[in-house]
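Lettered A, B, C and D in written order, each chain numbered from 1.
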Amino acid sequence: MFLGVDAGMRFTKAVMWDGKVLSEIVEETRGDMKPVLDKLKNAGDFKYCCATGSGAELIDFANVIEDDVVCLAIAARDMVDADFVLDIGGQSITAISVDKDGNVIDFMRNDKCASGSGRFLEVMSSALGIEIEDVDSAASKADRKLSITSQCAVFAESEVISYVNEGERRENIIAAVCDSIAKLAVAQANRFGISGRYTITGGVAKFRSITERIRSAIGEEYVEFPQPQLAAAIGAAIVAEEEFRDV
Amino acid sequence: MSLSKIHEIAATLENEYVRKWKSEGNAVVGHACIAMPKEMAEAGKILPFRLRGAGNADTSTADSYLSRYNCSLCRSCLELVLNGSYDFLDGFVRVRGCDHWMGTFDEIAHARKPEFVHYLKVPHLVNEDTLEFFAGEIKRLKEAFEGRFGVEISEDEIVRYARIQDKINEKMREFYKLRFRKPNFYGSDAIAVMVARESLPSDIFFPLLDSAMAEKRKIDYRAKVLLAGSPLDEIELVRKIEEMGALIVAETTCFGGGAFWNMVEYDGSDVYEFLARKYLENLKICARMFGEYAYRKNFIKSMAEEAEVDGVILQHNKFCDLFGIENAKLRMDLEKEGIPTLVLEKEYASTADIGRIKTRVQAFIERMGR
Amino acid sequence: MLFGGTDVGSLTAQAVVLEDGKIAGYRNIRVLPNPVESAKRVMGELLEELGLRQDEVVIFSTGYGREKLVEVGFAREHVSEISCHGRGAFWLNPAIRTIIDIGGQDAKVIRVDGEGNLVNFVMNDKCAAGTGRFLEIQAKALGLTLDELGEMTFRSANPVVITARCSIYAETEVLHYMQRGVAKEDIAAGVNRSMAERIYYLARRVGVEREVTLTGGVAKNRGVKQELEKILNVKFVDLGVDPQIVGALGAAIFAMEKYGGE
Amino acid sequence: MSALPGLVKRSYEMLKAIEGIENYTWEEVEGLYSIVGKDLGQSAKALLDERHDGAGLHFMKVIAKHIREAVEAKDEGKKVILIPFNFPPELIHAFENAVPLTTEVMSTIGVVSLEGQGEPYWDYAMSLGIPDYVCSANTIELGSALMSVEALEFTPDAIISGAPGSCDVNSKIHEFVAEYLGIPELTIDKTGGGKTDYQLYRKLFLRMVNELEKFVGEEIDEDRIISVTERANECTELYWELHELKKHSPCPVPNMFTLFTYGTRFTMWGRDEAVSMLEKLVDVAEKRLRRGEYPAEREIARSVWVYTGYYIDLYDLWIWMENNGISYLTDGLNSFFPNQFEIETKEDALESIVSSAWNYPMTRQMGADNMGIQWFEDLTYLAKDLNANCAIYCGHHSCKQTQSVFRIFRDEANKIGIPVLRLDGDAWNRRITPVSVLQEMILDFVQNVVAKKRRRRRR
């Protein structure tokens, strides 16, 4: 068994792997990581562990560390045979092109602004008093199209509050939030240039109200990634396995 | 009646007159700056149509071309060009306005490859050398028009249209003076007039303006305000500002008062020299012209005095460098002269942030003691 | 004569009632999803406490939903928060010339003249980093309550430097510091200081004239308050009331000034 | 209210001390590091790094002289002319009674010498109401210039604006400073990249020279300007020698030499100091080549930076890159394509200066008819010439000029197989994106896209 850990900005994800996902752990990334580390270590007997993500070096027991673009590329190729990945995580959107062996050809990440990322979605849904799990169902009940234009997550929040104050329905507002995240993701995808089979990963890919908007704008062949938030962790687990066989 | 027609034109891109114009086999070109010599285009039966975002705040496709640091007006227009809303245009004149527009036109050329994109180079200084240069540029534009659209542009025709423009400008000044004294119109009506002017053949626009001016509206307001800053065609925004009680009685923006207040009339001189003088000297009202800050400050000040306003709103689009910096300086200087001044930074066409804008405008009115 | 004011913010809503030119009572609650409901609730609770009926009180509204409240006939008129904070603070202490009001979404610096009239103001339009929301996000990341966050300034000798302008990136910075084992006090103190710096530069745009006071919810953060005093080189005047009610108070005063003569 | 010192005095004091330094040991550098504080120490350490073999110290002395001349000019009754980086300083050096002070260089130095870098100046500019989206180079420059005035330390006598036609923001900031200080502003304008544009540019330039002569109260002396432009020719020759050396792989020229080159170009070009500076650079690089000592020993990436990558709060970003096998071959700021000129008369000399100004970075590309294409052509020319294998797109946050044509640049670069990384950081303001995030992106990019570190075959 192999352990792949993706220590992201928002969540630390881990999968126990043996040709397929045997079990998984998703924990919030915290200031004090010790409890999370303990939980990971006790996840089961693994032969080798690979860590990835911005907090990879915090996983002190990892045998190897790999970049998250690499892990995402591998996961996308091996799991769903995709040529492109659009990853929407807690703080950034990354577009990656992948060769037929699962290697990164090129990638592009926005690093300027937090708007359009997963954290933005969280801040907004909490401002609206909508549980994150209910985002999809709320957004599906929208009956009017609104737009959120601010480039800044925090100001976008005050746009949201403006809408609330004008008595706008929360369903319409959350749909507008999903829309604005989708738009930024599409802009990133277009800037990068996607042509071929692509998949969407990261915690935000769990929300259909966002992925569907992206899909309708991109128009290339889409393939769904099962458990998209685990993608980088799965890639890491595969790296662990490959490294172990090489060692 | 005419006023509602004007509002209708301002709310559509390809209006009925443009369609008619085109059906008569004439061309329409898009541009984005008042340095565009209108009479010359019209003399060749080419309608200059100013690009505008028409309330479009969704710029997702444009954002993958331009960066998010680009002015929202430009991104909004680029979006409309990319999604085909401007397909009725037969080409573009890439008038050198500001840097953002240059990048925008480059992206238009790169992404859509239109058949006609002509670069009209506009100097940033006014002196003998630049005037001579600009006259040459206008001549080049004429030749480009003739070459592309198979028309012949005679000097007589240019003069004929220049005289029509003179008449319109005169009428516009009259319109403004009406607004100064006893306002009969909302600023939102006036903005619609400006937008319509930039979207219509001049012989259609003139009678429309004339009859609109005869209409009277009942006007409610708490304070009279002058609007300055970056080009503004957002009727909805102005309406919201006026709902708070700040009546816009004058604009010094480039498509507002800046487009005609100080524009010289045809004086019988060489046509190209005249056009160069007319457009380049008038352009001093725009923050893109260097060494003319005092001119602009005085222009705003004297119009504010003439219109007897209670204060000045200096607005600019987010990411607009020219007016963002200009407004910072103007605010200091106008306040020093005792003119209450409010700087409003906004996203083009976005109504979502209207709450914050309203709070500021209301406080500004309260500050002016109204 | 009875006059009332309501002020609905992004986080809290307040009501104040004036009787014979004195504060008869006030109330401060968390907002409800709808601002009109918030105003009605907070004023309703206050009136009940004071044993008054709504039709006995002339109410002015400010803050979010202020226009709606007039539309639905709850308030007689509405006034901007900016004027209200200015007027409220000046009424409490006529030596006041500058009011710094920091709420959840906005930060404002307000200047009034010797008669309490608004002479100038700035409101943050640059970045949200200088608002109460910034503090909320960081407090949450640090696992502190808002009260605790403010106190940390007094327990730290070595505040860290928070460089990110963006609240969300600042949150990441805070997490990084924590993961590297930096003391919470030092991180929190750094957060408070960076907040004060943002306000300082906002204040410079209209200038700060004495006396100065701090209003809004962030005035309850003692750390930010002290850092601001240091950097502005002033001592804030304590108005003697809950700093969050100053806006609602101002609204009530406007009502009194306008209809007091009836 | 201003607790902060002005920038000019601050750099003056700091650099005056440096001018006195002769030789130094690494222990002394370490000692300095512990005294001056983290930020400044880190920068100083990077500049003085052994691999530069004294070139960093030499560079600081060049800059020190540039600033000292400006500060001391007042006492000598000379006029100080504030110039932008895209203006040839040799023109001002040709005057007996005027000295140039290059604003961007000034700010760069100040930014290094300050705890918290340029941020206080940025904040100061904000407090004047300058919008936060104005590119930081300009914001910080304005803040620092005005703060020096506010602190009653230093006022320039006139300002030259060389950017109209290539950058609105830059020109606008100069106008603001001139208006704010009430000093004259002399302006030139570039309308495009063609022949008539050049004719106009030349006329406006010469007009400006004329005004300058009147302002300074002196006609430029023929011998003096000839000697200045001859020095400029020598510099040019050395510049191209260094360029040749960069073609070797691994690159024997340390990353930071690009900064040293344009830093010199923007301040002392046409002076003996510049000649000796460039000699030093060539000398160090040649020695390294001979000895086979390469700054980036295991060179995996040969990068060209579009626009520039000077992360001031981490001067050692360059060193960090070398340690990670990344050569920084050149960047947009260094692309001024200097020429040699035949000079016999004052007119020749002036013509040569006009022509250099026309070819200056930013003026050349952003003032072209199509800035995306010109930008691309210049940078890809350099990339090919220097045998680069990647481009990194970075500069000042919200630089419209480069950002608005990024798409064009990337599409074209991809066609010729040069991958491009775009960073949204800011060269002067680490608040925009923390340096650690940028480093991570750079590594991800060079290792995975450029060097293709992990090669797997699908099972």
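Keep in mind that, in the parts below, contacts are C-beta pairs under 8 Å (C-beta built on N, C-alpha and C of every residue); 3 or more make two chains touch, one makes a residue touch a chain.
Nothing here was measured: the structure is a model prediction, and the numbers come from that model.
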Both-way neighbours, i.e. chains that touch subunit D and touch subunit C: A, B
Of all other chains, the one whose Cα centre sits farthest from subunit B: A
Subunit A and subunit B: spacing of chain centres that average the CA atoms, whole Å: 44
For subunit A paired with subunit D, centre-to-centre distance based on mean C-alpha positions, whole Å: 39
Centroid distance [mean C-alpha coordinates] between subunit D and subunit B, Å: 37
Contacts with two or more other chains, residues of subunit A listed in rising order: 112-113, 155, 158, 161, 165, 191
Contacts with 2+ other chains: residues of subunit D: 128-129, 131, 397, 407, 411, 432-433
Of all residues in subunit B, the ones touching two or more other chains: 64-65, 318, 345, 355-356
Arrangement of touching chains [line / ring / star / complete / other]: complete
Sites on subunit D touched by subunit C in the complex: 1, 116, 119, 123-124, 126-129, 131-132, 430-434
Subunit B residues within the subunit C interface of the complex: 335, 345, 355-356, 359-360, 362-363, 366-367, 369
Complex contacts: residues of subunit C adjacent to subunit B: 64, 79-83, 106, 117-121, 123, 125
Residue numbers on subunit C that touch subunit A, as the complex places them: 10, 33-36, 64-65, 68, 105, 127-129, 131, 133-134, 137, 141-143, 166-169, 171-172, 174-175, 178-179
Touching residues (chain side subunit A, partner subunit B) in the complex: 112-113, 146-151, 155, 158-159, 161-163, 165-166, 183-184, 186-191, 217
